[in-house]
Each structure stands twice: as C-alpha cells, then as structure tokens.
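What follows is chain A paired twice: with chain B in the first complex and chain C in the second.
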Partner chain A sequence: MPANPILRLKSVRKTFGHFTALHGIDLAIEEGEFFTIVGPSGSGKSTIIRLLVGMDELTSGEIWLRDKRIDQIPANLRPTCMVFQSLALFPHMSVGQNIEFPLKLRKIDPAKRKARAIELLQLLHLPASYYDKRVTECSGGERQRVALARALAFDPEILFFDEPLSALDYRLRKSLEKELKDLHARTGKTFVYITHSLEEALVMSDRIAIMKSGRFEQISDADEIYSKPVSRFVAEFMGEVNLFQVTASDGRIEGAGLIAAPGDATSTMAERITAARDATLMIRPEYVQFLADGQVADFEISGTLNGIYALGSRIHYEVKTGSGQILTVEKLREDRYDGSQGDTVRLGWSAASAHVIEDTPFEEKVA
Partner chain B sequence: MGTSRTTRIALTIYGIIIIAFLYLPLVSVAFASVSKARYLTFPIKRYSTGWFSEALASTEVRMLALTSLKIAVIVTILSMIIGFFGALAFARYQWRYRSLFQKLVLLPIFFPQTVLGLALLMWFNSLGIIPSWKTAIVAHLVWIAPIATLIVAIRAYSFDPALEEAARDMGASTPVILREITLPLLMPGIVAAGLFSFLLSWGNFPLSLFTTGADSTLPEWLYAKMVSGYSPLVPTLGILSVIGSFLLVIAALAGLAIYRALRPQK
Partner chain C sequence: MKRLDGKLGTLASLPMLVVLALAFIAPLGLVAIFSILPEKVFSIVNMPNFSAFKTMVNQGYYKSLLWSLFMAFAASTILFIICWPLAYGMAKVFKRFALIITIAVVMSLFVSENIRLFGWVLTLMKGGLIEGYLRHWTGVGFESPLYNVGIIIFGIVYVYLPFMLFPLAQGISMVPEDARQAARDLGATRWQVLTQIDLPLAAPGIMVGYLLTFVLAAGAMAEAKILGGRAVIAIADDIQTAFTYGQNWPLGSALSMVLIVLIGTLAIYGIAKIDLDKIMGRD
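On to the complex of A and B.
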C-alpha cells in the first residue's frame, strides 16, 4: 500500500438494480504512478473509471484525491481528465480547437491557448501545421495523439484512460504503448489505465490490478503478478500456464502424475500445500525442460508429444500426460527440442521456478 | 460486380419514368402560368409573363403571402426548438417513459389532417378562442413539430454520448455542452427540420382551412379560386411558390456548406 497515495478508494460499491458491479473495493494509487486495471469484459473496470471521473455515482463508499473527498463533486469540477475509448474528439472542431477546448473553458487568452496547443502537438510528435487540420482527416494514431494532447492541456492531477488503444491495429498499438510509457515518464503525471489487454498492462504499468466480478483479485507489479499469482484466475489471465491440482502428505507432493524429488525445496512447498485448503502447483511454459535420459529435476512428469507450433521466435510444444492433461512447453527457436509428434518425453522443472497457488474458495473470500 | 448494358438501359428508362411522373404535373402548371390564354390548351398560342407581373403587383396576393409567411416562419422557429429538445428526449437520453414518449410524439403525423384540423377547431371553440392565423400556428405545430422531432432525432441517434461526457470531464457545464457540442453537432438535423417545417407549413391546406378563421393563407386562396372564379393567377402563384421553396432549399444547403467550411478555421 503506498505511503502517500494521490487517490484512495474506500469500500467503493456500485449496484445497477439487483446487479452488483463493484463489491466494496479498496485501492490506493501513488502519485506519479502508472497504474493499470486489467480484467475481462464485465469485470467492473469500466464502472470504476466512470466513478473515478464522476460520470456515475457511487452506491456507497468514498473516493479521496489526496486529502479531499471527491465522490460528491460533479464531473466538470474534478481536477481529473479521461481519454475515452472512442477518444471523443469533437468532429466539428479542428485539431487545435480540440486541444484548446479545456483552456477555452478556463477563459485563457486565445494567443496563449494556441501557443500551448502547438507545444502539446510537438510533445506528441505531431507537426504544428496540424493545428488547423480537421480531426476527421487524421489517422487513427494521430487521433490518439490529439486526444492525449487535449487531456494534457487540461493539466489534470490524474489522467485516466479507458481502453484508448483497443480499436487500433497491432503495430500501431505496440508503438503507442511505448509512447505512452515515455510520455508518462516525461510528464511525471499519475496515469490510471483501464484495459482488457494483458500485454498493454505488462508493457506500461508500474503496478497492475487484476479484476474479476467486481473485485480485485491481485494488485502488484507485473513481475510478481506473472510469477506469483494468488489465484488460478490470475495465473491463467496472465498468459499460458500449466496448473496441477496437488495434495501433500508426509512432505511428499502428489497429484496429476507428478513426481516430486525429495529435498528441501519440494518439502517447503509440501508444507504450504498441506496448510492450504485447495492447492494448485503452477509452472509457466518457458520454465519447463525436456529431460534427457538420466537427467533429473525437482518435478518430473511423462507424456506424449502431441503438437508442435512455431510462433515466430518461439516454439510451443503440447504434451499429453498420462492423466490426459495437456501441458505447454515454450522454447526459443534456437533452443528448440528436436522431437517428433508422438514421441514419449519426460518433462521437468525446478522448485524455484514453480509456484503454489493457495486457492481459497471464492465463497470464503466473499465472506 | 458490373451492371449489364440491358440493366443500365432499363434503369435509365425507369429513372426517366419516375422523374416524368413527379415533374410533369408541375410542368403543365408552369405552362399555364406563361400562357396568355385564360385556360390552358395545347399548343400554347401566345406566351406571356403578364400573370407574374399581376401576381407580384396584387395587394391581395401580397397579404395572403404575408399571412402564409408569418405562420410558416413562426412554425419553423418553434418546430426547430421543439424538435431539438424533443429529439434529445427521443433519442439521446435514457429515461423511464422514453418508449411511450417516442410512440405518442409521432402519433399526430399519422392522423388525417382534416380530422386533426376539425378536432383543433372544436377545441379552440370550446376554449372560446376565435380562430385566426395565430391558431393556425398551433394547428400546424401539432402536425409539424413531431416531424421536426423525428428529423433531429435521426441525427441525434448517430451522436456519440462520449462527446458530451468528454466535454463535461474537461470542465464544461450543461449549458456550455449544449452550446459548444450538442447544438453544433445536431445543427444539420435542425436545419433540415427547419426546412421541412417551413415547406410543410407554407404549403399546408387542410389544417389552415379549419383553423385560420377569417384570415386566409395562400393555399386556401388557391383552393377557393379553383372551386370558383379560376384565374391564371392560380398556376402563376403555384409556380412562384415552388420557385421560392426551391430557392430556400438551395440557400439552406449553401448556408450549411459555408457553416461547415468556416467553423474549423474560427
């Protein structure tokens, strides 16, 4: 939890009729942080951002901006600004007029407005000649930049983003992700970003919050969320993963055909699995090795090579275990495994690269 | 996929027939207005623009045109205002009785105008209001304002609500949003609604017949002259009216084009 948060949500709850979109969530965001809320459709992330900018009212709870409660303040009086999913550029105005709009509302002198608009165009790598261009004549990437420039012209305390890159093609999206991260570093502003794209979250964020059914499943930095997810949902949401339902007794881990070598590393894991109500062993595909004859590992499992898929620089192997589970192994092209479909293979990985998910049943979490 | 030669010829012939069907009656009125003879016969023996000079010089015609114009202008302005706010309720905002409102507001369009005119006349009588050109404004509005609402609503349906939200997010109050965002974006629809309102009111006969009382509009006069005392002034005024409407449409379209061209450079 940040020591001096710029934004705090306390027990924020939102209902629509009988449907509860947010279940009393708490959140604190550090000043200058790039914070991303990621989750599947219907998880409640758009509801949060609409509450934060004042487009919707809370059912209960509080929102604080530094030491000021803002949830009762109308949207047009809040010192925050949002870049909309549709960008919401005013089609009847030029690029310059769009950027100047928040400055015009503050009755700033037209000459100063124009100077600031041109300054922002340059900051966003757009030529000054775009000032008089119609927004309807701009490309997708240029429109993104104009929307960003307009939001920055507002000079908000926090800049919110509601999936602004979702409609762009892959290459442009990747390029703008980097630009956004760079812009965040240059401006030093607090960015709160909403997306359903894991990649966007991983590339840009200082911290990520994973949402599911109106609750935060996990809030942490990208590395921790990826390597130490707190639930099966987070593990699966963060990309390809191999999960084993396991139990432990007398320091030995069992389940799904796994063979765990006795030792300090596995016995520590066994203790955690014994203590958990419902434990899952997680290993990411890139940590799984094809074991040669005589080679040993902390965890081993045998199976049949079921499929080989070339994904550019990486290759995915699908291995079907004796229990029928399909495991994924990922190798870089230069480290490819020279095997054929139908081969019997032994897979292994170290205890250090595995992670135990102590899944508490969902009903208990709610309680 | 390309169109075959036979299809192209068939489509051309079809187009000509449709255009002829729409415009030939108007052409015959145009011929009648430039024929020196009292009654139109073909071939026309002598052409004359005398009827036009007589129509433009006539005090009676001027008074009739003025009454029609007064009604049409006021109906246009009010229809644009009602249409704008009505369209916001019709298409832009979600509210409890929106579906019922959408049905009720369009209902007057489907009423026979004579029945509507009669109903309004009886209503004015029951309220003790003497029918005049002013009551005709109310009558025209009952029929035309829903049409104006529908026209603006079509535009409002394509309006992205995020535009208003974005303006509010940047600090704009409701009146500022209305002035800076909503109104300019709905303007083409409002102008179209205004044009329709003017033309529908200017040419309206059934509602005017029941509700103008002692006053008379141009269409009423044309009808009266057709029934008794036909004069070539009838087709002449008809043609003048059509020319006026045509010029109005052209002026409105030109105005809209100029507005669009100038606005971003302001």
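On to the complex of A and C.
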C-alpha cells in the first residue's frame, strides 16, 4: 500500500441491475505512478475508469483524490482527464482547436491557448504546422498524440487511459508504448492505464493490477506478478505457463508424473504445499531445460516432443507428458534444442525458478 | 463491361428522365415564361414585359411574401427548439420507446392536414370544445385564440413537426457519444456540450429539418386560411387566387417565381454549406 496515495478507492461497488460489476474494491495509487489495470473483457476494468472520471455513479463506496472525496463531484468538475479508447477527438475541429478545447472552456486568452497548444504539439513530436490541420486528416498515430496533447492541455492531476492503443497496428503500438512511458517520465503525472494487453502493461507500468470478475486478483510490480502470481488465473493471464497440481507428504512433492529431487529447496516447497488447501506448482516455459543424459535438476518430467514452433527470435516446444499434459518450453533461437518431433525427452528446472500457487482449486479455469 | 453497364443504366433511366422533364421541369419552365408575359394573357405567344412583377410590388403582394417568409422562419425556429429535446430523447435515451413516438408522429400524417386543422378550429373556437365546456361549467368564457398570426404559426408548427423531428433525431444520432463524454470530461458544462459538440455535429440534421420545414411552411396556406381566417394572407393563397379567381396567370407565375427563386437559393446555399463528410470526418 503506497504511503502517500494520490487516489484511493474504498470498498467501491458497482451494480447494474442484478449484475455486480465491482465487488467492493480497495485501491491506492501513488503520486506520479504509472499504474495499469489489466484484465479480460468483462472483468470490470472499464467500469472502474468510468467511475473514476465520473461517467457512472458508484453503487456504494468512496473515491478520494488526496484529501478530497470526488465520487460525488460531476465529471466536468473533477481534476482528472481521460484518453478514450476511440480517442474521442472532435471531428469538426482542427488539431489546434481540439488541443485548446479545455483551455477555451477556462476562458484562457487565445494567444496563450495557441502558444500552449503548439508547446504540447512539440512535446508530442508533432510539427507546429499541425495546429491548423483537420484531425480527420491525421494518421492513427498522430491522432493518438493529439488526444494526449488535449488531455495534457487540461493539466489533470491524474490522467486516465482507456485502452487507447488497442486499435493500432503492432509496430505503431510498440512505438507509442515507449513514447507513453517517456511522456510519463517527462511530465511526472500520475497515469492510470486500462488495457487487456499484458505486453502493454509490462512495458509501461510501475505497478499492475490484475482484475477478474470485478475483483483485483493481484496488485504488484510486473516482476512479482510474472514470477510469483497468487492464482492460476494470474499465472495464465501473464503468459505461457506450465502448471502442475501437486501434493506433498513426508517432504516429497508428487503429482502429474513430476519427480522432485530431495533437497533443501524442494523440501521448503513441500512444506508450503502440505500447508496449503490446494497447491499448484508453476514453471514458466523459459526456465524449463531439455536435460541431457545423466544431467539432473530439482524437478524432472519425461515426455514426447509433440511440436516445434518457430516464433522469430524464440522457439516454442510442446512436450506431451505421460499423464497427457502438454508442457511448453521456450528457447532463444541460439539455444535451440536439436531434436525432432516424436523424440522422448527429459525436462527439468530448478526449485528457485518454480513457484507454488497456494489455495487455488485446480479445476478453476481462466474466465 | 463497366461501359456497357453505364450505357444500360442510362437507357434504363431514360423513361423516368423523360417523365421528370415533362412533369416537373416543363411546368416550371411554363411558369417562368408566364411570369414575364403581360397580365391576364393565356397564351405564351405574347411579347414579354414585367408588368406582373410591377403589380406585385404596386399592389402590395410582396407583403404576403414577407408574411409567409416570416411565419415560416418563426415556425421553423419554434419547431427546432421544441423538437430538439424530443429528438435527443429519441436518438440517445428512449431506445425502444423511440419507435412508439415515431409511429405516433407518423400516424398523424395519415389524416389530412385540413381535417386536423379543422379539428383545432372546433377545439379553440368560441363555444368550441374548450371554451364551450369551460363556460358551461364555470360561466366564464374567453375570447377565441383563433384568427391571428400566432395561431397560424401554431398551425404550421403542428402540421410540420415530423419534418423537423425526424431529420433532427437523425442528426443527433450522428453525434458520437464519446465526443460528448470527452467534452464533459475536459470540463464542459451541459450547455457547452450542447453548443460546442451537439449542435455543430448535428448540423446536417438541423439544416435538413430547417430547410424542409421552412420550404413547406413558406408555401403553406391552409393554416392561414383555416386557423388564421385570413388574418394575414399567405403567398400561396395569393398565388392560388391569381391563378383561379383572378384569372391572372402571369401574376400567379410572377409570385411563384419569386417564391421559387428565394426558397431555391436558400436551399442550395444551405445544402452547399453543409458538408456532411467533412463534419463527420470522412473526407
């Protein structure tokens, strides 16, 4: 929990008829933080942002901006601003008029407005000549920048983003992700970003919140969420993962054909597994090794090489275990495994690279 | 193949083009010719002069034209103001209920305009539905609101409401909801959203509604005759009189031409001003 949050949500609940979109969530966002909320469609992330900017009303709970409760304040009086998924640029206005819009509403002198608009155009790497250009004549990336410039012209305390890059092609999205991160650093503003794209979240965020069915599953930095997910849902949502339902007795870990070598590392894990109601062992594909004859590892499993998929710089291997489970192994092209489909292989990994997910029913599927 | 399709298309549309030329352009041309002929002639084989236009000015027919234009403008403006909230509701709020409003409004068109106007006469006349019952129950009556300019404008508003409502609803439905929300998010009050987002983006619908109601209202006469009791004479009434009782086709034609040119210019100017694609960003 941040020591000095700029934004706090206290038991925020939102229902639509009989459907509960948010189940009394709590959240605190630090000043100047790049905070991203990630989740699949229908997880409630857009509902949160609509509540935060005042487009919807809470069913119950409170939203605080520093020491001021803002959930009762109408959208136009909140010191926050949003970049919409559709960008919501005004098609009947020029680029300059779009950027100046919030300044015009505040009755700022036209000369000052124009100067600020041009300053923002330059901040977002757009030429000053774009001031008179129609927004409808701008490319997708340019429109993104205009929307950002407009939001920055408002000078909000917090800038919200509702999946603004989702409609762009891959290359442009990648370059804008970096620009956004750079812009965040240069402006020092608090950014709250909503996306369903894990990649966007990982590239840009200081902290990430994973949402599922109107609740936060986990809030942490990217590294921790990736390497130590609290649930199967988070583990699977954060990318390719191998999961094993395991049990432990007498310090030995068992399940799904897994062989755990006795030792300090595995016995510590075994203690946690024993204590848990239900436990899942997680290993990311990039930590799994093809073991050579005589080579040993903390965890081992045998199987048949089922498929080899080249993904540019990386290669994915699918291995079918004796219990029928499909495991994924990922190698960089230069570390590729020289084998062919149908080969019997031994896979292994260290206890340090594995993680135990506790108290999660194995049958739970990703929504 | 494309060229052949084009030729076939032209050929196929030829009969309709001929019918249009005969039924629409030819009478219009005839009216244009008659407007510059000497008064009270019935043949186009005459030396042209502009006596009909002189009569129009000298005998004060221009007053009817001005009244008609004023009433049309007033009625269109009132229609715009009263239809906007309803059109907004139909486009953005009512959802399925909008269909019921549409059907109700369209149903009113199923009854002849004259019958509907006479209905109002029976309702509003002295001793009519309202005043009659009021006097019967309370002993207090009131003067009939009929037979003045105000009631004519009311009649025009009543009759031409659908012609403003539907284009307006169409125009408002084209305003992206995101743009409205973004404006609000950027600090705009509801009034500022209306003036700076809704009105400019709904301009095509507003223009079409205004043009339709204005053009129809400027050429209307039933309201002035039935509800207004000729408190003022509408230009269309003068045109009809000139062609029928007056037997003065050139005068009727001159009046028609002035009306056509005025309204035509206005319509062309309005349409030229509205670039739908540009407003909606499709250029």
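Keep in mind that, in the parts below, the second predicted complex is superposed on the first by the 359 of 367 C-alpha atoms of A that agree within 3 Å, B and C clash if a C-alpha of one lies under 4 Å from a C-alpha of the other, contacts with A are read in each partner's own complex, and residues count from 1 in each chain.
Quick note on the criterion: a residue touches a chain if its C-beta (ideal position, glycine included) is under 8 Å from a C-beta of that chain, and two chains touch if they have at least 3 such contacts.
Nothing here was measured: the structure is a model prediction, and the numbers come from that model.
*Asks:* Quick one: on chain A, after the overlay, do chain B and chain C clash, or do they fit? Just give me the call.
*Replies:* On the superposed model, which is not a single observed complex, chain B and chain C clash.
*Asks:* So in the superposed three-chain picture, is A:Phe154 touching just chain B, just chain C, both, or none of them (first/second/both/neither)?
*Replies:* Both partners, chain B and chain C.
*Asks:* When the two structures are overlaid on chain A, which partner does A:Cys81 contact: first (chain B), second (chain C), both, or neither?
*Replies:* It touches chain B and chain C both.
*Asks:* After superposition on the shared chain, which partner residues are touched by A:Phe90: those of chain B (first), chain C (second), both, or neither?
*Replies:* In the superposition, A:Phe90 touches chain B and chain C alike.
*Asks:* In the superposed arrangement, does A:Val53 touch chain B (first), chain C (second), both or neither?
*Replies:* both
*Asks:* Quick one: is A:Asp132 in contact with chain B, with chain C, with both, or with neither? Answer first, second, both or neither.
*Replies:* First partner only.
*Asks:* So which bits of chain A does chain B touch that chain C touches too?
*Replies:* 53-55, 75-77, 81-82, 84, 86, 88, 90-92, 101-102, 105-106, 134, 150, 154
*Asks:* State the interface residues of chain A toward chain B in the complex, per the touch definition above.
*Replies:* Residues 53-55, 75-77, 80-82, 84-86, 88, 90-94, 97, 101-102, 105-106, 132, 134, 150, 154 of chain A touch chain B in their complex.
*Asks:* Okay, in this complex, where on chain B does chain A touch?
*Replies:* For this pair, the touching residues of chain B are 160, 162-163, 165-173, 176, 180-181, 184-185, 263-266.
*Asks:* Taking the complex as given, what residues does chain A use to touch chain C?
*Replies:* For chain A paired with chain C, touching residues are 53-55, 75-77, 81-82, 84, 86, 88-92, 101-102, 105-106, 134-137, 150-151, 154.
*Asks:* Looking at the complex, which residues from chain C come into contact with chain A?
*Replies:* 176, 178-179, 181-189, 192, 196-197, 200-201, 278-283
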